[in-house]
Amino acid sequence: MPALMHKPVTTMIAVALLGLLALVPIAAEAFDDPFMLTLFTRIVIMAIAAVSLNLILGYGGMVSFGHAAYIGIGGYTVGILAHHGVHAAWIQWPLALLMSGLTALLIGLLSLRTKGIFFIMITLALAQLVYYLGNGAYAYGGDDGLTILKRSDFGGLIDLNHRPTLYYLCWAVLVAALYLCYRTVNSRFGMVLQGAKSNDRRMATIGFPVFRYRLTAFVIAGMVCGLAGVLSAAFTDFISPAMMHWSRSGDLIVMVVLGGMGSLFGPLFGTVAFLLLEEILSSWTEYWKIVFGPILVLVVIFARGGIDGALMRGQANILMAGCAGFFLLYGVHSAYESDWLIPTAILAAAFALVWLAKWLADRRASAKEAGHV
Amino acid sequence: MTRSSFKTTLAILAATLAALPLAAAPAAAQAAKKIRIGFVTTLSGPNAAYGQDMKNAFELALDHMGRKMGGIPVEVVYEDDEQKPEVGKQKTEKLLQRDKVDFVAGYIWSNVLLASYKPAIENKTFLISANAGPSQLAGDQCSPYFFAASWQNDQNHMAVGELLNQKGAKKLYMVAPNYAAGQDATNGVKALFKGQVVGQDMTKWPDQLDFSAEISKIRAARPDAVYVFFPSRWGVQFYTQYNQAGLKKDIPLYSAFTVDAVTLKLQKDLALETYLTMTWGTDLPYAANQKFVGDFRKKHKDNPTFYGAQSYDAANLIASAVTATRGNLKDKDAVRKALEAAKFDSVRGPFKFGNNHFPIQNVYQQEVYKTADGEYDLRTVSTVLTAHQDPHAAKCKM
Amino acid sequence: MLLLLFEQFLNGLQIGLLLFLLAAGLTLVFGIMDLVNLAHGSLYMMGAYFAAVFTQWTGNFFLGALLALPAGALLGIIVEVVALRTLYTRDHLDQVLATFGLILFFNEFARVVFGAGGMAIELPSWLEGQVEIMPGLPYPSFRFLIIVVGLGCAGFLYLLVQKTRLGMLIRAGASNREMVGALGIDIKLLFTLVFGLGSALAALAGLMSGPITTVQIGMGDNILILALVVIVIGGIGSIRGAFIAAVAIGVIDTMGRAFLPNMLGSFLNPSDAGTLAQALSSMLIYILMAAVLVLRPAGLFPAPGR
Amino acid sequence: MTDLLTVEGIDTFYGRSQVLFGMSLSIRAGEVVTLMGRNGMGKTTTIRSIMGLTPASRGRIGFRDADIRGLPSYRVAKIGVGLVPEGRQIFPNLSVKENLIATAANRNGASQPWTYERVIELFPRLAERSGNMGNQLSGGEQQMLAVGRALMTNPHLLILDEATEGLAPLIRLEIWQCLERLKQAGQAILVVDKNVGALTKLADRHYVIEKGRVVWQGNSAELQAAPDIQHRYLGI
């Protein structure tokens, strides 16, 4: 288990995060805040898509700028079938996976001969074709999108209308996707994939059919992302071309890079951080992007390798300081809205984090001293 | 983190902690019962000006009511949909689930409204559109919990078709963006226009910036009239380019939704002598309208847009239902009946709901003129359609 | 018909040249500094806003433009020094993430500073009219000016890059920046200058497109994708490639919009032809790029030494 | 202190691995000095450290009374160090002429500075290729171009890193002859090469390094008299 063993901090935090995510429906019930469940359902679904992107982007070096297309393909397959009265999940879901897999195969065949920015752009171009296809599909609402009147029917086995059930299904798919990614990456197949990322010519001369390996990974990622689309359709009861717009693909890349590409749990961290920040900042001010934009720049400059990179290199102090700053803002903000208890608690937490960050920094500094003398 | 920056952080923290009780004090006292309204519109990005206008008008309506409906205080939560369907849906769900609002209102864009529609309806919360009026919701997907305080998409376009007949246009060229509302627009015009459509271009949506190819084709086709539908900034772009091509003086331009108080600041002279239709105008002589427009101008030093006027009506529509039910919003049937009655003074004058909860209303021809102080404004020329009901109502089984 | 064909060609050329102005700066920065600058679109937007503000202030479009160019270059240099300089040696995706953050920032910034409603750039009246290029073919004066400026700019860039010592250093820096430094050239300064030049070009593109497309928040976002398409088709770092690709895209896109419906109408029924033509003309550029990349995976004019 | 270049006890790291361990050497004006040793012993790293391309983290590097350790490479070049790098590193997308004049300068204030014409005179072969792109030249032509390019900056000190590696014997000879002429003209040169035979004729003094430090130094006569040194450290 090489990919997991050498960074236990990340794994611990990720497992804790997954555990916390599993508690969301209970917390939503306890705090009587059903929106919490809604928010996290979306986060978990996006995390599935980000994990799938990371498989090809992080491990395979294939920067797909059209990954949102598969969300759309998955969603549209379900939506169109539902529109024609086919609600059985046993038909809808496999067909959606098949369609997104086929699309990925087609896109991969055309694009995998190119490299670098050219690969980025050709995947964008092909995804834009899919986007315009959705935009022009007036039979299915065009850009207005299509409302799905009835969710997929598992014949009474799983009730998707029951919100916690749907959430746990998404959560389970996320865990499964992570496991799949883990197994793939640590298999011989994954080794070749990663080897080809750093030097595809050498892998080819050793005798591995690099193109076929890459194509396979590309298709797997497309199918997993298509599944995210299926879940998204089930969750929002709505599909529209907007979910395939290039900016959505861009968001996915941002989530993966923010979290740390080429690390198993990076995309999970990235998605949670990205969407939570978006939700919280935008609830404070309409001008939230003026804060969010520079945060991204700072993350790139100071936390190399994203959140996961910072964790791995023991830059926990930077993360802590970041969280503390965030909590500080949050505390000051909520001081204007709610009574004294909550803001005080938040500020105390911020204080604790600052202290912890300092402690970590000191420990690191002293460890460095010791190591160098 | 260096030692000195750490100390600074500590100092800030300490100061904030000390200031907390002061800041928190006013929030502590909270009243018991409130009417809660969620308002979803676009408050960021290129079209934020419209969302802001809607918010301003909604706030003005609340001011006019003394921020009370039927004697009960009102609280409004505004949310930004970023013009993205899934964000709009999430914000709507937040309003329904966390803020537990009694009404949701707003919605500029059809696709945002359609994405947000089902959660609201399933939650049995009344959804009042202050702008978007897609045909699906007027027809087979109509709902007891949905009301459009604005119009049905086709109404303004059909009025253009009728206006073209009145002006004696025989050959028409149409340009609209290639998306659902653009299709509705061209079909709406064709529904009443009796002449011949000599050409029709559907432009790439949303990223086409330049209409030179279409304008050259218009020049070559030599029509009597040109009809365009380009909301917000696309309208400015088309008008600018049409004028730069020198066509404006030769071929009259007809449009709906393409000129409003926001775009007019940029279009200026370009919008003079063009033919427009709208269900509302700043100069409609009704008392409610005069009060709305007068106070809006006073407060914001600016003209309201039709988006704002519809939001003002939406606020009053909600107030009328709260008043009629004496604040008992649990009785959904009573609320619905009160909403259907639409007993409020609309800024549009005569206003009533059809069976599908879309308005039956007049559509006016409007034109741009230069005011005495050199500004630009819209004024009403004539009534093109009277007490008009949209054509989809028949498909609604309600 | 022939006249219309020619007019549509001019339209395409003009759109293409506008795209070239934007793409030239992008390909310069990308090719030489190996920096993926998504914020190029934001610099384009800010250039347009600068021009609008300065035009309003001075009352003259040309004075406004003259002020907007150095302002755009200066803004670019500030961005480079503050945020991007540390990212040259990083992974492309780090650059994507950071410059994505800059886009968000600039869009909100413009909204706070200039308001949400957008601005118009007032042209002198002689530019609002038309010039008669050929008998029976009046053409909008300002669009004609765009063609002139675009061609002039292409010529200027050709001379700068091919004939001056600065141009040699720029090309040398593109292929081997360490060696340029080891021969005594301050590569940081050179890069900052190049970035400033790229930003000035973005501002020029913005202020030339402002009067026809209006100045709006987010105006740089979609066109940036088109500019990326251009530089990828042309080959990264190649000004000549960017020029050819931009003009090709402009002409093909315009011709597609202008003539596809009729062409398809000759063998399909009108309503099918209409739908298909609209769908096709939206996709045309992307189909073109995909085709080019399938056939030539490094674009039409891959720069040597990369 | 008449030393042109003084390197005193520098340590240099690539990431975490240390390559130079207290490396020292010095060159006087007008002197030709060589740096010899097997592959991977730190010759190129020494040069990169002098140039500021891979900065040394400890020690002192002095050049004409200035401390240049830690300066960015362009500042080192500007003070008057001209580099002919390993692998030649000609700009492939510049023509021969452009390669020569792009970075030209008169850094040592010579009354008769190197010009394009003088370099062409030195390497007549380049004249016929002046319009060709850098990547269209043969290895030998590229090497001449690289030397010419460094000369065009009129350096106080010329550094050549593996200048004859992989070249045909005749071309090698031409390069050695050229260096001989430069020496006559009073040009200080630091040469990294493996060709002991040619170097003992050309150079005044030699440094032999192993594992990042100097293990032997002396003049040409001493080196020729010490076959064990040649055998042990240079593998001859």
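The chains carry the letters A, B, C and D, assigned in the order they are written, with residues numbered from 1 in each.
The criterion applied here is as follows: a residue touches a chain if its C-beta (ideal position, glycine included) is under 8 Å from a C-beta of that chain, and two chains touch if they have at least 3 such contacts.
The shown structure was predicted, so the numbers you read here are calculated from the model rather than taken from an experiment.
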Going by the average position of its CA atoms, which chain sits the greatest distance from subunit A? D
Taking each chain's centre as the mean of its CA atoms, subunit B sits from subunit D at a distance in Å of 74
Suppose each chain is reduced to the average of its Cα coordinates; what separation in Å results between subunit A and subunit B? 35
Based only on mean CA positions, could you tell me how far subunit A sits from subunit D in angstrom? 52
Give me the residue numbers in subunit B that touch at least two other chains, ranges are fine. 44, 48, 178
Multi-partner residues in subunit D (2 or more other chains touched) are none
Interface hub residues of subunit A, defined as touching at least two other chains: 135-136, 138, 287, 289
What chain pairs are in touch here? A-B, A-C, B-C, C-D
Residues of subunit C defined as touching subunit B within the complex: 4, 7-8, 11-12, 14-15, 107-108, 111, 115-120, 128-130, 138, 140-143, 209, 211-214, 216-219, 222-223, 225-226, 254-255, 257-258, 261, 274, 278, 281-282
Of all residues in subunit A, which touch subunit B in the complex? 33-39, 42, 135-136, 138, 141-145, 147, 149, 236-238, 240, 242-243, 282, 286-287, 289, 317, 321, 324, 328, 331-332, 335-340, 343-344, 347, 350-351, 354, 357-358, 361
Seen from subunit A, its contact residues with subunit C in the complex are 57, 63, 110-111, 113-118, 121-122, 124-126, 128-129, 132-133, 135-136, 138, 246-247, 250, 253-254, 257-258, 261, 287-290, 292-297, 299-301, 304
If you look only at subunit C, which of its residues touch subunit A in the complex? 30, 36, 83, 86-87, 90, 92-98, 100-109, 111-112, 221, 225, 228-229, 232, 236, 275, 278-279, 282-283, 286-287, 289-290, 293-294, 297-299
Touch list for subunit D against partner subunit C, complex: 51, 53, 72-74, 76-78, 82-83, 85, 89, 91-94, 98-99, 101-103, 105, 107, 133, 135, 149-150, 153
